[in-house]
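Consider the two complexes below, in which chain A is the common component and chain B and chain C are the respective partners.
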Partner chain A sequence: MKRVLSNKWNIMVFVLPTVLFFTYIVIFPIFKTLWYSLLNEIPAKVGDQSHVVWLDNFIKMFTPGRRNSFPGAVGNSLLYAVLSIFVQLPFSMFIALLLANGVKGESFYRNVFFIPVVISSVVVSLLWGRLYKSLLPQMFESFGWTIPKNGFLGNETTKIWFSFLPSLWQYVGYHMLLMYGALKSIPDDIIEAATVDGASGAKLAFRIQIPMIKPMLKVCLSFSLIGSFKLFDTPWVLLERSNMDLPALSMYVEMFSNHKYSYASAQAIFIVLECLVFTVLLNIVFKDRDERRLARGKGAARA
Partner chain B sequence: MKKKSVAGTILKQLFLILWVFLCLFPLYWMFTMSLKDTNEIFGTNMVGLPTQWLWGNYANAWGSGGRVSNYMLNSVIDTFATLIGTSFLGYMSAYGLLRMRWRGQKAVFTYILMGMMIPMHAALYPLTEILMSLTKTHWALIIPYVAFNIPITILILSGFIANIPYEMEEAACIDGSGIYRTAFTIILPMMVPALITAAIFVFLQVWNELLLASLFTTDSVRTLTVGIKQMSGQYQTDYGSMGAGLVIATLPTLILYMCMSGQVQKSLIAGAVKG
Partner chain C sequence: MKKLLAVALAVAMLLGIMSFASADEPVVLKVASIWSAETEANRAPMLKTLAEFEEAHPEIKLEVEWYEANAWKDQGETLALSDSLPDVFYWNAGGVLWNLVSSGDILAMDEYLTDEIKDRLIGGALANMTFDGKVYQLPYTNACSCLYCNTELFEKYNVKIPETLDELYEAVKAFKAAGVTPMALGGGDKWPTNMYTDLITLRFVGDAAARACYYKTEGATFKTQDWIDGMTAFKTLIDLGAFPDDALSLTRDESEVPYFAGEIPMYVHGQWFSGSLSEEMQQKVKAVKFPAVGKGHDNEWMGGPAEGFSISAHTEHPAEAFVAAQFLAEHQSKNGFECGAGLPAWKTDVQCGNPVMNQIAEQVAVGDSLLLWGNTALSGDDATLIGDTVYDVLAGKTTPEQWCEDMETIFAK
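And now, the complex of A and B:
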C-alpha cells in the first residue's frame, strides 16, 4: 500500500499537470510583470528600444507632480481601508452580535443580510448608479438638502465617497456572516459562566465574545485591507473609463488606455507588495498579541 | 438569566428590519425597474410598483434589442467549463499532494496556496500576451479562471480529505484496487460534499468576474457581466430593458442562493481566506 502511494509515476500523473498549468498561468506571469516593471518600455510596438531602468518606474510613481495621480490613488485606497475597518467592520460586528445573542428571526435576518454578497458587483454598481441619478436627488430635494454640484458621482469631493458606498454596503453581509459563525462557535458554558458573573450586553461583547473570535477578526481585517487595494469593479462601473482614483484603476488605465506597459506593471507590482506587506503586518500584530497574552498567562501561573 | 427589556427587543427588531429594507431595496428597485417604461423610471413613478407590467422588456433584452441570451449562454459555458476544470485538476492534485507520500509534497502544497495571496492584477499584462490569440474563443477566460481558482479549491478539499481514514486506501489496496480506481471510485464519492463547497465558491467568483472578462472577450463570447455593463452604456434610452438584463444576470445566483442558502454561506466562509 505504501508502495502504491509513493509510486513516482502515479504522483506525477496526479500532481504535475496542475503544477505546470498553475505555474504557467499564475506564477510565470507575475515574474514577467516584475521583469517588465524594471524596463523603460516593453517592445509592444515594432522598433521600441527597451532596456533595464531598475526602479525608475517606481520612483516615477511617487514623484509629486500635477499629472501624477498615483499617490492620490493609493491615498484613496487607504481611505477605503479605513472606512472598511472603522465603519463597515464594527457595523457588521454589531449585527453579528445581535444575531448571535439570539433574536427572533435570527436565521431569516442572516439569510437576507447575505443576499447582496452573492449578487454580481457589476449589477450592484449599475443599480447604485441609477439610484444616484434618480432616486437620491429626489430624496435630497424633498428633505431640502443640497445636491452636490454635477451630481453625486460628478463632484470631485463627493465622488470618491459615493463610489465606495456600494461595495461597503455589499460586503457587510459577508463580514457579518464570518463573525456570526465564529461567535456561534464559542462554547455555551463560557457565555453562561460570564453571564452568571454578571457580564451582559456590551461587557459580555467586549470582554468575552470579541476577544474570543480574534482569529476570525484577522480574516475579516485582511479581507478588508486586501480588498481595498484591489478595489476595481464598483468604482470602474460607477465612475466610467478615464479615471485613475484607485491603484487598480490607475494600473488598468495606464496599461490599456495609455499603453505604458512597463509603468503599469510597476503599479501592479506595487499593489502586490502592498497586499503582502499588510498581510505580514497583520500576522505580526496578531501573533504578538497572542504571545504577549500567553507570556502574561504563564507569569500569572508562576506567581 | 436576566430578563430582556421589551423596549430593547423592539429597538433591536426595528434596527434589523431597517437593514433588511436597505439590503432588499436595490433588488426590489431592480425588479420593478425591469417592468416599467423609461418615463416611469424617470420621475413619474420611480419607487412604486409598475402601472403596467411590461414583460416585453424581458423579450427585448433577451432577444430582439439586446443580446442577453447570448451573454447568458457564454457565461454558462465559461462557468461550467471552469467548474469541471477546477474540480478535476483540484481533486487530482489534492489527492496527489495530500494522500500520496513523497518528499517535497508540503513545499509544493505551500507553493500552490501562495498563489491565493496574489491578486489577478499582477498577472494581467503577461496574461494578455498568452491569451490574446484566444479572445475569439471561450478558452481565453476558462484558462485563467481555472488556474486562479485552483489554490482555493485545493485548500477547501484539503480540509475534507484529511478526515478520510487511510484505512480506506489500505482496504482497497488489499482488495487489489489500483491507485486510480481507489482515487476515483472510493475516495472521490466521499469528497463530493467538499467538491460542491468548492464549486459554489468558484461559481460565484467566475459568474461575477468582470476584469478578465472585459479584457479577453470579443463580441461573440462576451459574458454577462461585461455584456450588461456595455448595455448600460448603449441603452441610454431604454432603461426598462436594461433593468430586465440586470434581473436576468442576477437570477441564476439568486436562485442558487434561495435553494441552498446554507450551503452557499458555508462555501463563502470556507473561501474567505482567499481575500
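And now, the complex of A and C:
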C-alpha cells in the first residue's frame, strides 16, 4: 500500500475523478457566476447578446439610492454576525463548559440542546412564527404590555431581532456540541494539575479550558461568520419570502423574481468574497495571537 | 445454425413485443398545478377536471404535481433556467408570463389553436396571453377583485354597506369604534395589499391612465394628482385602523381565517375567494364593486383572464401537451364556475351554485372595463417594485407622493 501511495501518478489516478467532479459542480459554477457578474443584464439563455460591463454590477450594488436595499442588507448580515459571535457563541460556550465539567444528566442535556439542530429550518421558522403571531401577543395582552405596531414580525424596528432569534437559538446546540467535544478531549491530567494548583470554576475555564480549545473556537467563529453572510432560510419562511433585507434574500429575489441574472450573480460573488475575506481575517487574527504568544513564551524562557 | 436461428427468432419476438407495447403505452405528460391545499376553492374542480381528462383521453397519462401558488412561482422560475419545466403547467398571464416567453421557455400554441377552439373562449380572453401575435397560454378563469361584505356584521352594528369612499371611511370608523377590525389584509404576502391599492387608485386614475402605466405605454406617468389621491385614500384607510394591527405579519391565508369565522366585515380580494366561503358564509356575504369616488371610473374593475395553462417549449409531445392544456383550461373553467371557484373564461351554459359568485358575475358583466392587476401586468423587477412599495406604504415607510416617485422609476429603464 505504501509503495502504491508513494507513486504520485497512482495518487493522481485515485484523486482525479473526485477533482474533476468537484471542479465541474463547484469550481466551474463559481467562475461561470463570476463571468455573468461582469456582463450586462441578459435574458437567462441568450448569452450571445451580452457584453462585458466589468464592475458596473458591483458598483450598482453600493450606489446610494432610495430603493437600493443591498447596503442595508449587508449591514443586517453584519449585525447578525455580531450577534452570533457575541451572543450565540458565548452562550454555547457557557453550556458546553457546564456540561463538560460534569452535571447530573449530562448526556440528556447535551441531546436536548442539540435537538433544534436536527430539526429543519423551515419547521423551526414555522414554530417560531406561531409563537410570534399567536402565543406571544396573547402573553403580552394578558400582562397588559404593548405589542409592537404591525406585530412582532411586521414592525420595522423589531422584526430584525425577532427574525434572527430562531436561527441564533437553533444553532446554539451545534456550536455547543463542537465546543463540548473539544473540552472533553482536554487530557484529564491537565485539568487535575490545574485543580491541584488551585484553579477552579471561572479561572479553570478562562485560563485552561478555553485557551486549549482555541482551534475549535476558530472553527465555530468561521461557521458563525459564514452562516451569517449566507443566512436565508429562516427569515425567508418567517418573514414571508422577501420582507427583510439580507444579501442572500436579495440575491434570490434579483435572480428568480426580477430576472436580473448578472446583478444577482454579482451579489453572489460579493457574498463569496465576503465569506473569504472574513475567513482570511479570522486566520490572520488567530495566527497573530499565536505568534505573539509564542514570542512571549520564548522571551520568558530566555529570561 | 440452429442457435443462430433461435437467437434471430428471440430478437424478432422481443422487437415485436416492444413495438406492441409502445403502440399501446399512453404518452406521459408532466403537469404542474397549484391548489395543493384541500381548502383551495379550485382544488375540487381541478380533481374533477383531471378525472374527466383521464376518461376522455386514455392515450395521454397526466402525472400531476401540486404546489402552493408562491412556491410554484419560485419552482417554475428555477425549472425554466434549466429547461426542465413540466410539459403543461399553471402560470400567470401578463408580465409574469412574458418573463418565460422572452426567455424561450413557453411554446406558442398557434399551430394547434384552431378558430373553432378560439370561438369557445369569451371575447378578449387571450389578450393577456398573446405576445407579438402569438398565443402562449389558455385561460381557465376570468378574474376580478371586489369588496366582500359580511352582511350579518353590517346589520349587527347597524352599518351601511359602503357605496362611496366616504361611506367606506364611515363604515371603518363605525366598526373600529365597536372594537371590530374592519378589513382583512395579509400584508406579509404583499400581493393582497396590491388588491386594495389597485382598486382604490383605479377609482381615481381610471382604466386608461392606469393601463398606460401598467403596460408602460409611452407618455404614461405615475406622477399625477390622481395617483397621489388614490394612494392617499389607501393611506387614510391605514390611518383609520381599517386593517388588522399585525397586517404586515400575516400571510394571505392567515388573514382570511377571522373573515371565515365571521369576525371581520370587509375584504377586498379576487373572485376566487368566494369559492372558499362555506355554504353558511355564502348566505351572509355580499360581493359589491369597490366604493365610488365620483371621478367617472366607478364601474371599472381590476382583473381579466390572468391565469391559465401553458406548455413548455421543451416538451417532447407538443401536440398531446396542447390537447391536455386546452382540455384542462376549458374544463377547469366550467368546473370552477359550477362550484363557485371562478368566473368562466370559456363560454358555458352551466349554472353556478355559489350566490356570491353569481353576484360578481352579474356585476362584472355590466362593468365598463377589466384591467389586469399591476403586479401581474408588470414583469420582473417592476412587478417586485409595486409589491415592495405598497408594503412600504402599509408599513408607514413611504408616503403616497414617494410611492408615485418610486413607481415612476419603471419608466426610466
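Keep this in mind: the second predicted complex is superposed on the first by the 276 of 303 C-alpha atoms of A that agree within 3 Å, B and C clash if a C-alpha of one lies under 4 Å from a C-alpha of the other, contacts with A are read in each partner's own complex, and residues count from 1 in each chain.
The criterion applied here is as follows: a contact is a pair of C-beta atoms (placed from the backbone, for glycine too) under 8 Å apart; a residue touches a chain by one contact, two chains touch by 3 or more.
Only a predicted model underlies this, so the values are computations on that prediction, with no experimental measurement involved.
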- [ ] Please indicate which partner A:Phe256 is in contact with in the superposed arrangement: first for chain B, second for chain C, both, or neither.
- [x] both
Open item on the list: Going by the contact rule set out at the top, does A:Phe14 touch chain B (first), chain C (second), both, or neither?
Closed with: first
TODO: Pick one for A:Lys230: touches chain B only (first), chain C only (second), both, or neither.
DONE: first
Task: Touching partner for A:Ile147 - first (chain B), second (chain C), both, neither - done: second
Open item on the list: With both complexes superposed on chain A, which partner does A:Asn243 reach: first (chain B), second (chain C), both or neither?
Closed with: second
Open item on the list: Quick check for you: in the superposed arrangement, does A:Leu204 touch first (chain B), second (chain C), both or neither?
Closed with: neither
Task: Contact breadth on chain A, by residue count: chain C or chain B - done: B
- [ ] Using the superposition on A, tell me which residues of chain A are in contact with chain B and, in the other complex, with chain C.
- [x] 256
Open item on the list: Quick check: in the complex, which residue numbers of chain A touch chain C?
Closed with: 43-46, 66-67, 132-133, 137, 147, 149-156, 239-241, 243, 253-254, 256-260
- [ ] Under the touch definition given earlier, write down the residues of chain C that touch chain A in their complex.
- [x] 70, 74, 77-78, 80-81, 83, 99, 102-104, 187-190, 245-251, 254, 379-381, 383-385, 388, 391, 395-397, 402, 406, 409
TODO: Going by the contact rule at the top, pick out the chain B residues touching chain A in the complex.
DONE: 1-2, 9, 12-13, 15-16, 19-20, 22-24, 26-27, 29-30, 33, 41-43, 46-47, 89-90, 92-93, 95-97, 99-102, 108, 111-112, 115, 117-119, 121-127, 129-130, 143-144, 146-148, 150-151, 169-170, 173-174, 178-180, 182-183, 204, 207-208, 210-211, 215, 224-225, 228-229, 232, 239, 242, 246, 249-250, 253-254, 256-257, 261, 264-265, 268-269, 272-273, 275
Open item on the list: Per the contact definition, I'd like the list of chain A residues that touch chain B in the complex.
Closed with: 1-2, 4-8, 10-11, 13-15, 17-19, 21-22, 24-30, 32-33, 36, 42, 95, 98, 103-105, 109-124, 126-131, 134-135, 138, 169, 173-174, 177-178, 181, 195, 200, 219, 222-223, 226-227, 229-230, 232-233, 236-237, 248, 251-252, 255-256, 261, 264-265, 268-269, 271-272, 275-276, 279
